[in-house]
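Below are two complexes that have subunit A in common, paired first with subunit B and then with subunit C.
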Partner chain A sequence: MAEGFDIDHLAKLARLSLTAEEKALYSSQLSQILGHFQALANADLPATIDDARVVDEAALRSDEPGPVLGAEAVTRIAPASRDGQISVPRVVDDES
Partner chain B sequence: MSNVPSDWEVVIGLEVHVQLHTRAKVFASSPWGFGKEPNEQVDPVVLGLPGTLPVVNREAVEKAILFGLVVGAEVPERCAWDRKNYFYPDNPKNYQLTQKDFPVVVGGQVEIELPGASRNVMGEHKFIRIHHAHLEEDVGKLSHAGSGSLVDYNRAGVPLLEIVTEPDLRSSAEAEAFLRSLVAMLTQAGVADCDMEKGQLRCDCNVSVRRRGDAKLGTRTETKNLNSISSVRDTVIYETARQIRELEAGRSITQETRGWNAELARGYVLRDKEDAHDYRYFPDPDIPTLKISRDTVTRLAKQVPENLYDRQRRYVDKLGLPYTAASVLVNDRALAEWFEAAVAAHPANPSGIANLVANDLLRDLAASAGAAGAFDEAAPAPLSLASCPIKPAQLAGLVKLTDDGVISKQQAKEVFAEMFKSGKDAAAIVDAKGLRQNSDTGELEKIVQEVIADPAVAKSIAEYRAGNEKAINALKGPIMKRTQGKANPVLIDQLLRKFLA
Partner chain C sequence: MADALHTLSAAELGRRLAAGTLTSRALCEALIVRYQAVNDKVGAFTHLDQADVLAQADASDARRKAGQGRGPLEGIPVAIKDNIAVKGQPLTCSSKMLAPLVSPYDSHVAERLRAAGAILYGRLNMDEFAMGSSTENSALRKTFNPWDLARIPGGSSGGSAAALAAGLVPLSLGSDTGGSIRQPASHCGVVGLKPTYGLISRFGLVAFASSLDQIGPMARSVEDCELLLNALASADARDMTCFGPSDRALTPAGDAKQLRIGIPKGFLGKGVAPEVAAAVNAAVEFYRAQGCAISEVELPSADLAVPTYYVVATAEASSNLGRYDGVRYGHRSATAGTPVEMMTASRSEGFGPEVKRRILLGTFVLSAGYADAYYVRALRARAKIRAEYLAALAGVDVLLTPTVPTPAFKVGEKASDPLQLYLEDIFTIPANLAGLPAISVPCGKSGHLPVGFHLVGAPLSESKLLAAGRLFEAAHGYADQQAAL
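Moving on to the complex of A and B:
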């Protein structure tokens, strides 16, 4: 396990199955990337939001309803559908 | 009410998810509404299709700021959106747009009123602090059928304000009172409709218990997706009892996510989304940070209605209303404003107007609507004051006729019923029915003297003169009879006392 992260846990979160070689390679690359962030974190900067990405309210959209795709178009681009709904493998969060 | 043993204290924090009152979705222009066919209210932005970009809906932002102003929160100079990453089919993009570090509302508090000892006694008031509220997108709806699940994305992208309280609530009654107060504030300000039957308000409920006097909070559990006030109340009662039972048996509480089965009135451990808590938040690169101008805040501040408990205090302290009537009126902004319009037309007797509004008018409106309360089982049916046949000035006219002694209180009820049926003015009904009381002193004096002279009432007169105040009432019946009930009762009383003195 590389310092600061668990490659197996990250692979699981990203739904990736990695070989031992890939794990070693990505661990080393990720360590380098995180090292760069560490360097940034150590820089002496004011703790504010990035000014370059700030917009005012003129950039907001008005509350005007626009066109929709329609259930047929939505379900057509899904791998599987039934009765206007997108069909997926069963996910459970009910009491059962 | 829960029966928490006195050596235990329950600590509750709520996360309330409210769909904001807008026409379009929060980051897309797709319309939304309840009861549409599945996936009919979806556009490419909602699905996060390649090439699309989210743009924030101004109305959603302003509704969120308005909520902040309603609860006296700080409206920050800037707010920003983050991605909350997870793989679950309720979300087409594999991340939910939400606000983690820079929410649109910070702080604030909600005043609550606990039930009093009886209906006409005001209960204790408390302030519940708001930690923050953030503006995010709702997710799609899953239904489970056989070996698969079906997904409807109509709800995905609906503007959702998540209101997070501090752990300030100490009982199921306080949680219930908080939600009623919050719903009243949200609906009265026009921020949200809060129709629980349509899923417009859903709660996550954090509960922990500790020995009274302990400074440290106990391990909490979170019961998710409660969709009625009664479910929140029942969850608190259930979870409190369960945790105390576990701890008293020497076991510990596991920090876990739970669900609530309202039919069976019991909680259960949710089979959690795998590693759901590792959401890998990061600032959304598609939505720039938003600067909120002070002009906008000033403009929205003018839309903040009078706080319902400020209004209640004003009605009781300044207008002299009984608590029972005041508490009924302030729960509905339209009703309170209707009442105030009537008071403006006849300022001399606010209580008389309040009693007619809170009792007779509400009863007749409810009977004509015939529907049960939607979001709150205990609240009265939604009113259609707009279509009420009686206008505020007309009700004021009725109360004035009573106050002036033109008709009796008993007759006022009859006139009210007729007004509700026909929408006619009280005076017109009184004249048409010949209900005007006889206030002709000369004529009444003659009748009173004749009645007093009747030997049949001599005994009552003697009793009255001997100090029995109530004996005078026996003389009023015959006078009323001779005037066909049209004599002004106040005048009769005055004349009797004058002649018997």
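Moving on to the complex of A and C:
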């Protein structure tokens, strides 16, 4: 089960930028950890995952408005804000 | 008397406050003196707003004077792990990703503590985002074991346990995803309880692995642990996994001397240090001498617990930590280009090595082509482990094991070997996978280092665990031991 993995692909999926040293270190450590997970591949396991849940999370609460933080509290903790809104890098190019 | 206040239990402090022989201000001032004397040595706290603490204490004293005291925790300080939100206090998860965030709201447990009149007393160090077993993964500071300052306090709630053992505070809150309350409690010689999944609301707890995370009480005695548990446990619709009012009645404790105690076969063998095994065996013999029925039980899939946990927990963590993108809160890289480059740079700069390792692992076990082999098989193993624990607990009241196989190790000793660190949690993980309550109770020493035993019970059997702990504690007096600092 502990097949090889592509550390560059994983980093891209996880939105992480890794140095060459980090790639080498994590590749080695993840290989070792995945080797330990081999016990799962060899185990006799039940066919379903129904009993894996420890509480019934199927019931949704009613969709009712509740208290919210408000723009002032939210923008106070944002990395950057302007005119009561969170500012982010430009998403759409000028030409588009 | 003031210089000894840091050694007293919350229950005793409560009695003195109620009798009028002590004020909350005098107590908090004494604890601040203690903080100034020893926190730099131990490193348990990452933040303490002394003026705010004294203002809360004065408000508590005024309530009591006006006959409006709110119960047994009125005026008692409770320190809080830095992943549980308290309005106006830092909420960093000991991570560069969140520091210096100040929480704009209270968690449910903070609301409960305020309603009980407790003093919300400072922020406690932890492994970054609760990922670790030694508190060495904190990006803010090191925490050391008060019993031996060259050793780790355990983790991830290392600050919560070390603060108690150092006499910095009488009560603390931790969170437990795979043993993060119980393992540091064992290493620091204090009591830590992970409640039944669903008993305490996680509203305001920063999510790590949502199907496993629980907030729980920590204290120097079982009695104090119960006092804090009683204040925290209540229904809360904001956490959809939290039991409603009609589903949360605890099983009565009964007579602790009549308990049926199961010893899982093989758990005291391979990998358990001889001194740990001796201390835990002595606890078993104590219970036998009290009249408890001791029997051996089978948990054949126990060896699957660690790999199952690290697949499930990292999968959930990789999803939960996706929210840290540098947009709404937390660290934003100054090298931002496009939105994706900004997110990638912010996450790469903000997260530490263990968090990155677990995000990568969780991303892998959920990725196309591997999810069935890893994540789905881990869920099937989790179902099997849970079924085996529930079957065992149908025949006995509690399962007794060591909390941790070995005593606290030296700082740095396992820092380069994540797999060895993961095995620290081998006895504590199954309770999280199965949603069961569990407690660590001090039961002796290995040399100068504390050792704890671990009790696991059926869902909502917290009262039985606490009664068993009280019986042991009353006969041994470990709650009165203090680390010399």
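Rule of thumb we're sticking to: the second predicted complex is superposed on the first by the 73 of 96 C-alpha atoms of A that agree within 3 Å, B and C clash if a C-alpha of one lies under 4 Å from a C-alpha of the other, contacts with A are read in each partner's own complex, and residues count from 1 in each chain.
Here is the rule we go by: a residue touches a chain if its C-beta (ideal position, glycine included) is under 8 Å from a C-beta of that chain, and two chains touch if they have at least 3 such contacts.
These numbers were taken from a predicted model, which means no experiment stands behind them.
**Student:** In the overlaid three-chain picture, which partner chain does A:Ser17 touch, first (subunit B) or second (subunit C), both, or neither?
**Tutor:** The second partner, subunit C, only.
**Student:** With the two complexes superposed on chain A, say which partner A:Val88 touches: subunit B (first), subunit C (second), both, or neither.
**Tutor:** Once the two structures are laid over each other on A, A:Val88 reaches both partners.
**Student:** After the superposition on A, what does A:Phe5 contact: first (subunit B), second (subunit C), both or neither?
**Tutor:** Touch partner of A:Phe5: subunit C, not subunit B.
**Student:** Considering only touches as defined above, state whether A:Pro79 meets subunit B (first), subunit C (second), both or neither.
**Tutor:** Touch status of A:Pro79: second partner only.
**Student:** Pick one for A:Ala43: touches subunit B only (first), subunit C only (second), both, or neither.
**Tutor:** Touch partner of A:Ala43: subunit C, not subunit B.
**Student:** Who wins on subunit A residues touched, subunit B or subunit C?
**Tutor:** C
**Student:** With the two structures laid over each other on chain A, which partner does A:Pro65 touch: subunit B (first), subunit C (second), both, or neither?
**Tutor:** first
**Student:** Go through subunit A and flag every residue that touches subunit B in one model and subunit C in the other.
**Tutor:** The overlap between the subunit B and subunit C interfaces on subunit A comprises residues 13, 15, 49-50, 53-55, 57, 59-61, 66, 69, 74, 86, 88-89, 91.
**Student:** Using the touch rule from the top, collect the residues of subunit A that touch subunit B in their complex.
**Tutor:** Listed in rising order, the residues are 9, 12-13, 15, 49-50, 53-57, 59-71, 74-75, 82-95.
**Student:** In the complex, go through subunit C and note every residue touching subunit A.
**Tutor:** 101-102, 104-105, 197-198, 211, 237-238, 240-241, 243, 301, 303-304, 306-308, 310-311, 318, 322, 325-332, 336-345, 347-348, 351, 353, 356-357, 359-361, 363-364, 367, 370, 373-374, 376-384, 386-387, 418-419, 422, 434-435
**Student:** Given the complex with subunit A, which residues does subunit B contribute to the contact?
**Tutor:** Against subunit A, the touching part of subunit B is residues 22-24, 28-31, 37-44, 47, 55-61, 78, 80, 87-89, 102, 142-144, 146-153, 259, 261, 268, 270-271, 273-275, 278, 280, 288-293, 296.
**Student:** Mind listing the subunit A positions that touch subunit C in their complex?
**Tutor:** Those in contact with subunit C are residues 1, 3, 5, 7, 10-11, 13-18, 22, 26, 29-30, 32-34, 36-41, 43, 45-55, 57, 59-61, 66, 69, 73-74, 76-80, 86, 88-89, 91.
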